[in-house]
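Heads up, there are several structures right after this.
Here come two complexes built around chain A, the first alongside chain B, the second alongside chain C.
The block that comes next holds the complex of A and B.
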């Protein structure tokens, strides 16, 4: 299966005349359910306690949200395509 | 019928005295995309959907009630010891006047719960797409709720609930896949 990142970012237009300091990078969640299709059989599973803590039995379905990571402008140059290091997950 | 287990689906811990957060959490209690809306929507749709999907709606609808119970616990913990003055400062003065410390099915802006939040079109695809959208909206609401608090224990419970929305959306998407195949076609092997 293809690589997937649990959120995407984009750089909105910033006017010279905006009244507030600009948020240079905006982000939105793209959880695993957008990509998975039918869940494949026999995927690896968490142990019971970790599954409860994570909210899912399968690592493949875990798609976390961290507010600090989401809200911080990650990139100094707003016009370039931002790279997505955190939570990069390889799925097979 | 239902069997009740006298415990929460996931432990709820609230560590910061923050009655205003209770007001925000009411969005998931009696709001349009809240847990009550979700539970009633799914359980009601079971009667007019193909057999393969009925069990899924029962399971998810039931789980939504256990989420409702978690949200109720959070709101209760955040308001039970608040004075009228504290509630007033948190924007819950009107709530106190109408309900004292009782919980009530209303959204974060104080609008009472209404059946118009529920959708049941009778068309299986329309209803399942509605359900997928409802899960995504609930997921987003949990994100904004997580943004509104710095209480890591409260965030922990909200993150669990957010992940459950993702799993539910996944299951509804799988239900669409089940219903869209050529079900009446003869199978050749």
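The block that comes next holds the complex of A and C.
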């Protein structure tokens, strides 16, 4: 069973004729409400102060929007272009 | 405002904000889960606590709301600073 991650990454096709430097790994956000559906009852709760800071009362629903630069590539599926493994971390 | 009083003011205001946020989240949750008895109990407890905190705050620092939703001392305190956006 895949572990929940708040973003997913993929490697776009890189052509020889691309005019700009290629973006080897791109990412998109996948917040928890995509998977959660109807919120179950009696989920554990934050304390009041932490809830105010985190923006939600339930840790299960906490979904920070990480900076795109901070997103490390995560490849759950086998790669279709193995030889194009991303050497450095640069992303958009 | 004196430094110490300012700290107390900020702390009590922050506590009010926290409890308001928890009440807001519980309210939104109860919109879709009207049958959750524990959430309802928590909501009622916090609502009572919030009313009590508001009375304490207003006794010390003046009304939080106007148009009759808060009491005021003499002279009319609503026009005194600091206003909410100045805090």
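In this text, the second predicted complex is superposed on the first by the 64 of 92 C-alpha atoms of A that agree within 3 Å, B and C clash if a C-alpha of one lies under 4 Å from a C-alpha of the other, contacts with A are read in each partner's own complex, and residues count from 1 in each chain.
Just so we're on the same page, a contact is a pair of C-beta atoms (placed from the backbone, for glycine too) under 8 Å apart; a residue touches a chain by one contact, two chains touch by 3 or more.
None of these values were measured; they are calculated from a predicted model.
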>> Is A:64 touching anything from chain B or chain C once the two structures are fitted on A? First, second, both or neither.
In response: first
>> I want to verify the contact counts: of chain B and chain C, which reaches more residues of chain A?
In response: B
> Of the partners chain B and chain C, which touch A:52 in the superposed model: first, second, both, neither?
Replying inline: both
> Can A:29 be said to touch chain B (first), chain C (second), both, or neither?
Replying inline: first
> What is the contact status of A:39 with respect to chain B (first) and chain C (second): first, second, both, or neither?
Replying inline: both
>> Considering only the contact definition stated at the top, list the common interface residues of chain A for chain B and chain C.
In response: 38-39, 52, 56
>> Applying the document's contact rule, which stretches of chain B touch chain A when the two form their complex?
In response: 10, 139-140, 142-143, 146-147, 155, 159-164, 166-167, 169-170, 173-174, 177
>> So in the complex, the part of chain C that touches chain A is made up of which residues?
In response: 14-15, 17-19, 21-22, 25-26, 29, 32-33, 36, 38-39
> chain B touches which residues of chain A in the complex?
Replying inline: 29, 31-33, 36-39, 52-56, 61-65, 67, 70-71
> Inside the complex, what are the residues of chain A that reach chain C?
Replying inline: 38-39, 41-42, 48-49, 51-52, 56-58
